[in-house]
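By letter and in written order, the chains are A, B and C; residue numbering begins at 1 in each of them.
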Amino acid sequence: MDFHLTKEQEMVRKMYREFAETEVKPLAEEIDEEERFPMETVEKMAKLGMMGIYFPKEYGGAGGDVLSYAMCVEELAKVCGTTAVIVSAHTSLCCAPIFEHGTEEQKKKYLPDLLSGKKIGAFGLTEPNAGTDASGQQTTAVLEGDHYVLNGSKCFITNGTVAETFVVFAMTDKKLGNHGISAFIVEKSFPGFYVGKHEKKMGIRGSSTCDLIFEDCIVPKENLLGQEGKGFKIAMMTLDGGRIGIAAQALGLGEGAINEAIKYTQERVQFKRRLSQFQNTQFQLADMHTRMQAAQYLVYAAAMKKQNHENYSMDAAMAKLFAAESASDVTRRAVQLFGGYGYTREYPVERMMRDAKITEIYEGTSEVQRMVISSHLGVK
Amino acid sequence: MSTFNSSDVAAFKGGVWVFCEQRQGSMMPTSFELISEGRKLADELGTKLYGILLGEGIEGIAKELGGYGADGVYVCDHPMLKDYTTDGYTKVICDVIEEYKPEIMLIGATNIGRDLGPRCAARLHTGLCADCTHLDVDMGIYKDFLKENSTLAPERIDATSHAMVLGQKHDVSRDLKMTRPAFGGHLMASIICPRFRPAMATVRPGVMKKAAFDQAKADACEIIKPEFSLTADDMKTEVVEVVKAAKKLVDLIGADVVVSVGRGISKDVEGGIKLAEELAEVLGGVVGGSRATIDSGWLSADHQVGQTGKTVHPKIYVALGISGAIQHKAGMQDSECIIAVNKNDTAPIFEIADYGICGDLFKVTPLLIEAIKAAKAAK
Amino acid sequence: MKIIVCVKQVPDTSGKVAVNPDGTLNRASMAAITNPDDLNAVEAALVLKEQTGAEVIVVSMGPPPAEGMLREVMARGVDRAILVSAREFGGSDTYATSQILAAAIDKIGVEKDDIVMCGRQAIDGDTAQVGPQIAEKLGLPQVSYAAEITKEGDTITVKRMLEDGYMTIKVKTPCLITCIKELNTPRYMSVGGIYECYSKPYEIFDYNTLKDHPFIDKDTIGLSGSPTNILTSFTPPQKGAGMMLEGADKATCDKLAGILAAKHMI
C-alpha cells in the first residue's frame, strides 16, 4: 500500500482544511445548539465541487478520487460532525448507487444536479422493524403498468428533510426474501411520498434525520435502479462505500478532539503547571493520537482499494469499526482532559463526544462490522 | 531627462527635501512631522531643508512649514495638481528634483505617499525605502539607536560604519540610514542607498515627533516657485470625485486596537460601554467584550473575543474589568501590547498583561482617555 | 483581453515568526503562503474573467518551489502561470524586482485591452513598491489601493481608498491596479480546479528567456542592480515581562500614555 498522497490530494486537503476552519467551524456550535441544517454551507460546498468529489466530470462531478472524498469528510468532521455526514450520506448513499448501478439515462437525468450540489441526495433502507436486519423490509412495491406503487415507511433517514432525490428499497416479491428486494430512485415530488417527523438526536444535531412515508406512491418503472430483486445487493454494496465515509467522519472527530485537547492543555494551568506538562496528559495524547493514526491508515487503505476497484468490503468494515470505536474513546478522553470545561458547551469536545457515538451505530453498527469481517475470514 | 544622472552622487547638493502632502488645501500632519525630522537630518549633513508642496492655491499654507524647520518651500501651484494624481504629481516632482538635485527626499507613508514614492523612485532610478520608522545620518546617533533598540552585540554595531557595496567597502557616514520593520515587525532592517541620489524614504505617519512651532522661522521661510510643465497629455487618470468619510468601523479581527469590557462593567453597563467606546475612539480602535458581556446581552455577539468568539491580535488590547479566564485569553493573548484594568490584583489577566493597573475601571478609564489625548496632542 | 496578475510566495508572518541567531529570518520554520493581497488581485481578475471572458495569467518571481503556489492559484481558476526564476535575479530590491517583472510582463505582451494587477503589498517586506514601479517601467497608468473595480468598455472605474475617505478614479486600459483586501473575498480552490491545475500551461522564464530584453542588464537586476543595500538587520529587544503600574490615579495614566507614546503605539 502506497501511503504517499498525490500532489492533488495534498492540495485538496489544504483546501478542505481552509474551508472547514473558515466556513464550517464558526457555525458548528450554533447548528448543534439550534438543531439547524446548515444549508448555506452546502451551497458553498456545492460551488467547490465537494458534493460530487470522485465522480467524472461528464456527469457534473469534480473528477477527484475516493481518497480525496474521504479526506473531505475527515477534514469537515474535525470541526463539525454534522457537516461531514451531510456530504457522506449524499455522496456514498445516493450519488454512488446511481452512478454504479444506474442506466445511462438515469445517470444523465439525476447525477448532474446531485453532483453539482443543486440537489441533495438521501438513502432509504432502514425501517422501524428492519434496522440491522435490513432483509426484513416491509415497504412494498407493486408494478402496475408503467409504474410501481410503493407503500410503507422508512426511518432515521439522513438528509431526509432536505433531499430531493432518494434511493429507496422495497419488497417487490416477499416470497423471495433478500432476493425480493428492489431499489428505486424516488423524487421528493412523486405523488404519495411524504417526509415525516424530524428526530431529536444526541449528536450530529444539525443533520436532518426523519421518517419517509409512502402512501400509494407512484414511481415510474424507469426509476427502478438495477434489476428487480437486486436491491439487497445494491444496498449492501452501497453500505460498503458508505462505511468509508462514516469511518472518515469518525476519524475526523477523533483528530479534531485531539487538536482541541493539545491546544487546551498547553494553555490551562493547574498546580502552577500547564496541563501539558503532566505525564498523564502526555501519555493520554500519545495514545489518542496513535489510535487515530492507525484509524487513518485503515480508512485511507479502504478508500484506495475502492478507487482501484479492488474488493474493499472487509477493509471498509474494519476501517469503520476501528475508527468509530476509536473516535468514541478519544473524544471521551478529550472531555476528561478538559475537566469541567470539557463538559460545558463553551468548548467543542463535548459536542464531538456526542457526535462520535453515532459512528458506532449508523450504516451498520460495530456489531454488524464484526459480522462482515468475521464472515470474510470464513469464520462460521 | 537625458542630463539627469542619479548615480552622480556628488552632484546632489540640493539639501534635504520633504514632500509636504496636502488634501483639500489642508496640510497633512505627517508633513509637519517630516519637516521636523528633516531638520535634524539636514543639520547632521550641514545642508538645507526644503519642503515641496503641490496643489492649487496652496501658497498660503507653505510658510507654516518654516515654523517647523524648513528653510524654504518649493511651491508648485497648478489647477491640474488640485487633487492628487500619480501622473501629475510624479511628473512635476521628478522634473523639479532633476533640476534642483536634493540629496534626500522624504515622503509621508500615507496611501498617497506610497503611491507616489515608488513611481518617482523608478523614474529617477534611485532607491526608496518604504514605511520607515527611524532615520539617521550621524553615525554616533545611529549606533546609540542600535544599542537601545536592538539585540546586536557591540562589535556588530561598530561594524555598521561600513557596508559592502558592489564588492567595495563603503563608508556610510554620509548616507541616510533608513530603519524599518519587516516580516510583520519581527525583524528590523536599516537600509542605505549608497550609489544613487536622492535617497528616498516613505516614513510612517505619527512616528516622527513634531517640533515646536516657531513663528519667526515661519516668517523667514523662503518660497520658491520652480518652473515645470504639465499638460492634459500627461494625465492618464481622471479623478471623478474625492469623498471624505468617517472611518468605517473595522471588524475585530482586522482592528489595530481593541478595547474590551467584561463583567466589571456590571454596575453601570451603559456607562462602562460608553467609556470603552471613548477610549477606543481616541486609540483608533473598536470595542469588544468577554463572553459574559455577550451572554448578558450587553453587547452583540460579533463583539465577542475568546474561545467561542473571535481571536484577535491587535497592536493594543485593552481589557477593562475582564478577569482573564482561559477562554478569554485564548482569543487575545497574542496581542502586541496588552493593557489591563481590574479591581482585583490577582485577576489572571494581569499574568499576560504588559501593563496592569489595579483599580476601578470607571475611575481609571476617564483618566486614561485624558492622558492619551494629552500625549497625542503633545506629539 | 488578458489580465496579468503578479503574485508572490511569502512566509506566513501572521503566526509565530522564528528568527535565526544572526538576525535573519528562519524561513524554513514558517509556512509558505500566497501573499494575501495578491489573492485579492487574483480574485478581481477572475471576476473580470467571468464578466468578459478574459484570459488570466499569473506571474511570480521566486525560486522553483513557488510552482506549488502557482498551481494552487490555477486551481482557483487562473488559466496560465509563469515563474520568473534565475540565480541572476536573486538579491533584487524592489527597483530591480520591478525591472525583472516588467520585462517578463512585457514579454507576455500588454495590449490595448489588457490589465496588470498586483496586491497592494507583500507581508514579508510590506513595501507596496513593486506594483507602482512595474507600472512606471511599462509606462502604464496605475491606480493603487483599489477597493472597488468596475469595467465598462476600455474604461475602468476604481474606488481608491485613502485614510480619510476615498477617490473615484477613471483610467483606460491598459493599466496597472493594486488591490487591497477590502476589494473582495478570494474564492477557494475548487476540487475540479485542483484536479485540472497540473495540466494547465506552466512556464519558467529564466535568465536566458529574458536576457535580451532592454530592461535586463547587470546594472538593473539582482544585487548589483539594486539601488538600496541592507546595512544591518536586527531583532528588536524581547518584549519584557509585564509590569503592574503603581496606583490608579492621574499620574498612573499619564505614565502609561507616556510609555505608549514613546513606543509609537499612539
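By our rule, a contact is a pair of C-beta atoms (placed from the backbone, for glycine too) under 8 Å apart; a residue touches a chain by one contact, two chains touch by 3 or more.
It should be emphasised that the depicted structure is a prediction, and the values quoted were computed from it without experimental measurement.
C-beta contact counts were set side by side for A-B and A-C; A-C has more.
Note: the chain lying farthest from subunit C is A, by mean C-alpha position. Each chain gets one centre point, the mean of its Cα atoms, and the points for subunit B and subunit C are 21 Å apart. Centre-to-centre spacing of subunit A and subunit B amounts to 54 Å, using the average Cα coordinate of each chain.
Centre-to-centre spacing of subunit A and subunit C amounts to 41 Å, using the average Cα coordinate of each chain. Only residues 29, 263-264, 267-268, 341, 346-347 of subunit A touch subunit B when the two sit together in their complex.
The touching residues of subunit A, counted against subunit C in their complex, run 7-8, 11-12, 14-15, 18-19, 47-50, 53, 57, 62-64, 68, 72. Of all residues in subunit B, only 291, 307-308, 326-327, 329-330 touch subunit A in the complex they form. Within the complex, the subunit B residues that touch subunit C are 23, 83-84, 86-87, 90, 110-112, 114-115, 117-119, 121-123, 125-131, 133, 146, 149-152, 156, 160, 163-166, 172, 175, 177, 181-196, 206-207, 236-245, 247, 254, 283, 313, 315-316, 337-339, 341, 345, 350-360, 363-364, 367-368, 370-372, 374-376, 378-379. The residues of subunit C lying in touch with subunit B in their complex are 11, 13-14, 17, 19, 23-25, 93-95, 98, 123-133, 135-137, 141-145, 157, 160-172, 175, 181, 224, 226-240, 242-245, 247-250, 252-254, 256-261, 263-266.
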